[in-house]
Amino acid sequence: MTSAYAATPGGLLLVLAVMLPAAAVLAMLVLGPRRTRVVALATLALGLVVALAIGLELVRSGTALIYVLGNWQPPLGIALRADGLSVMMLAVTAVVMAATGLFARDLFGLDLATADGRLGTSFWTLLMGLWSGLNLVFVSQDLFNLYVALELLTFAAVPLVCLDGRGETMAAALRYLMFALLGSMLYLLGAGLLYGAYGTLDIRLIASASQHGPAMAIALALMIPGLLAKAALFPLHLWLPPAHAGAPAAASAVLSALVIKAPVFLILRLVADIAPPGSAAVAGQVLAVLGAASILFCSIMALRQERLKLMIAYSTVAQIGYLFIVFPLAGVGDGTAPWGTIAWTGGALQLTSHALAKAAMFMAAGIVAEAVGHDRIRDLGGFGRAPPLPPPTFGWAGLSLMGIPPSGGFIAKCLLLTAAAIGGHLWLALTILAGGLLAGGYVFPVMDRALATPAEPLLLRKPIPLRLELVPLVLAVLAVALGFLPLAPFGLLQIGRPDIALAVSP
Amino acid sequence: MAESLTLIALFVLLASAAGLAIVLRSHIAIEKLMAVQLLGTGGAATLLLLGAATAQPALADVALLLVLLSAFSCAAFTLGEGESPEAAAKPDEPS
Amino acid sequence: MGLADAFTLICVVAGAVLFLAGTLGLLRFPDTLSRLHALSKADNLGLGLIVLGLMPQQASLMGGAKLVCIWLLAQLSAATASQLIAGIAARRKPQA
Amino acid sequence: MSLVFDMALVAGLIALALHVVVTRDGRGAILAFMAFGLLLGIGWARLASVDVALTEAAIGGGLTGMLLLRAQAHLVRHAAHPAALPTDRRRWLVPALSCGLVTLALAAVVLAFPRPAPSLAHQAVASLEATGLGNPVTAVLLAYRAIDTLLEKIVLILALVGVWSLSRDAAWGGASQLRPAIIPEPLVFLARVMPPFGVLIAVYQVWVGADLPGGTFQAGTILAAMALLVMLAGLRLAPQTQSRALRLMLAGGPALFVLVGFLGVAVAQGFLSYPEAIAKPLIVGIEAALTLSIAGTLALLVAGPPDRAPEP
Amino acid sequence: MSAIALTSASLFGLCGAALVGIGLFCILTHPDLLRRIIGFNILGAGIFLVFGAVARRGAAMGLSGDPVPQAMVITGIVVAFAATALAIALLRRLASLTGSATLEAATPPRSET
C-alpha cells in the first residue's frame, strides 16, 4: 500500500484549480459587493489559464497529473489526480464558466439595481463556489473528499435556483435541495460502508483490493442511486425542470451544462474504476435502461412544454440519458478495456457538445425572456426579428442536440449508433435514432416561431447589447465546430487509464 | 466498582428517560420541555458516572456542554412562545 | 472495597434515587408549577450528590474542580430554566 | 453490564426517532428530536468517540433545536401546516417496505464487516510526531485530511451566502431580527451570566483540543450559542451582514488556513503541509482563527436571512 | 474486553441501520417539510453511527477507535447542520411567500410583489 501516488511536476496546478475559486469566495466576502464582479472576472481569467496549463502539461508528459496533499500518502492522506477524462472536464468547465462570466456581467449590467445588489453579488460568489466544487469532483481521488465536493456543489447550486425570490422558484429550490441532500446522504453512507470494508477511501486502493464482500455491492447500490438523484436521470428527474427553468439564465446555463455532469462523472468513476466486473456489468445494464427511458420520456415531455426554458430543461434530462447508454456500449464490466472503444469517445464528445450547446441555449432563451418579458413559446412569434442573434444561436445549438451533421452532437450520436450496431444492441440504436427525431420535434417549432410573422409585432422591453448576444452564439458555434475536429484529441482520454487497459491489451 | 457505576448510570438514564416516555404522549408542550430538561441533567449525571466507570475523564467535558446548553434550548423554546402574540403585528418577512 | 468507594456508592445511589423521585414528581404532581418545583429540586440535588460521590474517584484536582463547575452551571441553568418555564405557564393559565 | 446499557440507549434512540416521525404534534416532534440529540451524545461517548460526542452535544443538543423551534414558530404563524403522516396505506406501505429493506441490507453489511477490522489507527499514531499534536482526531482534521476541513469551511460560507441571498432586496446587507417582542426577565439574566462561562469553556476546548478531545468545531459551536443568547435577550443587536468587521471575522479563519497551506509549498513539503518544527503552533493558530469564523457562521446561519434594511 | 467492545460497536452499527430506515421513511412520506428536514437529521445520525461503529471496530495502538472516521463524522455533522439551516431558511421564505409549508400541491401564490 506504500506510495501508490508519486507527485508529478504539474501537480500543484490541480490544487490551484480547486483553491483559486475557493479563495475567490473568501475574497468576495471580505471585499464586499462593489468589488465582487471584478474578483470574479479576474478569477475566471486566471482559472482559464490554469486549465490551459493543466491541458498542456498532460499533453507534454503523456501521463496523468498527480498531487499528494500535504505530502500525506493515501490511505491516511488525500491525493489529487487528473487523467485525460478529468482534464477534458476541467477544460470544458473552464470554457463554459468563462463564457457564463462574460454573459452574466452584461446580463446583470442591464439592470443597475441588481448589478451590485443581492442578486448579482450572490450569483458571483455562488458561481465561484460551484467552480471549486466541480474542479474538485474531477480531480479528487478520495471518496469522502468527493462528498465534500458534492456538498460544495449542492450549497452553491441550490440558492442559484431561487435568486429571483419568487414563491415558485423557492419551491423548486427546496425540492432540488431535498433531492440533492438525499443523494449526498446515500453517497456518504456508501462511502462509510466501503471504509468499514477496506479501511481506505482512496479510489485506486479500493480498486486494487482483491476480495469483495457484500459491502461493495450494497455500497454501490446506495451510492449510484444517490448520485442519480443528483444527476436527474429518469425517474429521479422531477426536480430538474422547474429548478433549471426558474434560475436566472446565466445560472441555468451552468447548472444544466456542468453541475449535473459532476454526479455523472462520479458514477462513471464508481462503475468503471471501483466496481468489480460482475457488479459493473449489472450496473451498466440498469443505467442504460434508465438512460434510454430518460431519452424517450423526457424528449416527449420537452415536446409538450409551453415555456421555452422548461422545454430546454426537459431536453437536458433527455440528453443526459445518452451518457448512460455508453456503459454497455463501451463494454464496461465485460473484461474489455472500455477506454479505447468508439462508444467511449462518443460519450465524451456528447458530454462536451451538450455542455456547450445547452449553455448556449439557456443563454439565448434568457436573452429572449429579457427582451420580450416572457418565454411562452406560443406568443414568441417573430422573436427572430428583435434581438437578432438568439435564433441562430438556438438553431446551431439545436443541430448539435438533434445530432444533425455537421455538429459535435452528430459525431457523438453517430459513434454511439455505430457502437450499438456493432455490439448488437438494437434497442439502444433505435433509442438513439428516436431521440434525435424527438429533439428535432422540439427544436423546429421554436425555430418556426422565430421566423414567423406575427399578427402584431413583439414589444421589446429593453434593448439588448450585441456583446451579450455574441457569447451564446460563440458557444453554439463551438458545439457545432466539435464536429469538424479530428477525433485524435480524444485519444488523450486514454491518458492515465492504463491500469485496466494494460492488463487486457498487450 | 466500574460495574456498579455503569449499573447506576443505567438507572439514572432510565429514570430520567421514563418521564419523557410518558410525557411525550400528553398534549402539554411545557411538560415535554420539562422532561427534556430532566433528561439533560440526567444525561450529564450519566456521563459523569460513565466517565468514572470507564476512566475517561474527558466525558466530564461532554457533561459540561450538556448543562451549558440545556438552558439555551429552554430559552429557544420560550422564544417561540413569546413570538406568537405579536404574530400578526410584526412585519417579519413581507413579500 | 475501601472507604472512598463506599462513600461514592452511597452518595451516587442516593443521587440516582433522587432522579427517580424527580420523574415521579413530574408524573404525579397535580399542576405544572408544583411539578416544576419537584423536578428542579430533585434533579439538582441528584446531580449534586452524584458529583459529591464521584469526588474521591477523581485522579486530579482539576477533575474535581470541573465536577464542581458542572454542578454550579447546572444550578444556574436550572434556576433560569424553571423561571422561564414558570413564566410560560403563568401566561398560559388564563387561556387554559 | 455495558452491553445492557448500550441496548437501553439504542432502544431509546430508536423509540425517539419513531416518535419524531409518527407524532402529530409538530413542536413535540422537535422536543423529541432534541432529546434524541442528547441520547446520541451519550451514544458517542459509549463509542469512545469523545470528540464526536462533544460536537453532537453542542450541535445536536443546542443549535439544531433552536433552529427548528424558531422555524416551527414561524410556520405556525405563516402557513398551512400538515402534521400527520398519510393514513392511506398505498401512500406509506411501499416506502416503508423499501426503507425496511435498506435497513436490513445495512444491518447485514455491518455484521459482515471483515475481521480483524481494517484501521488507519496505526498510521495515524505513527505520523502524529510530525504534527506535534497529541489528539489523533485533530491531526486528521488539521493535517492528514486538512483539505476536507478547509473546503468544509467554504461549504459553511456558501451556505451562509445562500441563506443571505434569501432576504428581500431591501433588507439585503442588513441585520436579522432575533430579538423577540417580549423578553422574559430570566432570559436577560441568563444572557448576562452564562456567556463568560461559555467563552471560558470554548477557550479551554481549543486549548486542550491539540492533545485531548475537543477542538475548533466544538468551541465554535459554544461561542455561537452564547452569541445567539446575547442577541436573543436583546443585550446586543444582531450584526449587519454588510459589516466589514463581521465579514473579516467570517473569512479570516479559512483565509489564514489557505495562506498557511500555500506557505507549505514554499517552506515545507507542499500545499497544506507544515514545517515540522513549528507545526503545532501553526495548527493551534489556525484552530483559533477557525473557531471565531465557525462561531460567526453558525450563529448567523441560525439567525437566518437579514430582515431589516441596512443602515449605513 | 475486546469481545464486548466488538459487540457494542455492532450494536450501534445496527442502531445506525435502523435510524437510516426511519429517516428515509420520514423523508419519503411525510407531507410536512419541517418534519422531513428533521428526517434528514435522523438519517444523518444513522449514517454517522455506522461510521462510529466502523471507527470503534478499528481500535488499535492504544486508541479507543480509528480517528479517521471520527474526524469524518465531525465534518459531516457540521455540514449536516449547514444543510438544515439552508433548508429551513428556504422553507421559511416559501411559507412567507405562498402560505404553504408543503410541496405536495402547487398552491397559488398568496401575494407577490
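Every chain is named by a letter (A, B, C, D and E) in the order it is written, and numbering of its residues begins at 1.
As a convention for this text, contacts are C-beta pairs under 8 Å (C-beta built on N, C-alpha and C of every residue); 3 or more make two chains touch, one makes a residue touch a chain.
Here the structure is a predicted model, which is why all the values come from computation and not from measurement.
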Open item on the list: From the C-alpha centres, identify the chain that is farthest from chain D.
Closed with: A
Open item on the list: For this structure, I'd like the pair of chains sharing the most C-beta contacts.
Closed with: D-E
Open item on the list: Using only Cα atoms to place each chain's centre, name the chain farthest from chain E.
Closed with: C
Task: Gap in Å, rounded to a whole number, between the CA centres of chain E and chain C - done: 31
Task: Whole-Å separation of chain centres (CA-atom averages), chain A against chain E - done: 28
Task: Euclidean distance of C-alpha centroids - chain A vs chain B, Å - done: 46
Task: Centre distance in Å when chain B and chain C are each reduced to the mean of their C-alpha atoms - done: 12
TODO: Give me the residues of chain A that touch two or more other chains.
DONE: 76, 144, 148, 151, 155, 158-159, 162, 165, 167, 189, 193, 196, 199
Open item on the list: Could you pull out the residues of chain E that touch at least 2 other chains?
Closed with: 20, 50, 53-54, 57-58, 68, 72, 75, 79, 82-83, 86, 90-93, 96-98, 112
Open item on the list: Quick check on chain C: which residues sit in contact with 2+ other chains?
Closed with: 73, 76-77, 80, 84, 87
TODO: Can you check the complex and tell me which residues of chain D touch chain A?
DONE: 102, 105-106, 108-110, 112-114, 117-120, 123-124, 127, 143-148, 150-152, 154-155, 157-159, 161-169, 172-173, 242, 244, 247-248, 250-251, 254-255, 258, 261-262, 264-265, 268-274
Open item on the list: Show me the residue ranges of chain C that touch chain B in the complex, using the header's touch definition.
Closed with: 1, 5, 8-9, 12-13, 15-16, 19-20, 22-23, 26-27, 32, 35-36, 39, 43-44, 46-47, 50-51, 54, 57-60, 63, 66-67, 69-70, 73-74, 76-78, 80-81, 84-85, 87-89, 91-92
Open item on the list: If we count contacts the way the header does, which residues on chain B are in touch with chain C in the complex?
Closed with: 1, 4-5, 8, 11-12, 15-16, 18-19, 22-23, 28, 30-31, 33-35, 37-38, 41-42, 44-45, 48-49, 52, 57, 60-61, 63-64, 67-68, 70-71, 74-75, 77-78, 81
Task: Touching residues on chain D, where the partner in the complex is chain B - done: 1-2, 4-5, 8-9, 12, 15, 19, 23, 25, 27-28, 31-32, 34-35, 38-39, 41-42, 45-46, 48, 50, 53-54, 57-58, 61-62, 65-66, 69-70, 72-74, 76-78, 168, 177, 180-184, 187, 190, 194, 197-198, 201, 205, 212-214, 218, 222, 225, 228-229, 232, 307
Open item on the list: Give the list of chain D residues in touch with chain C in this complex.
Closed with: 184-187, 189-190, 193-194, 197
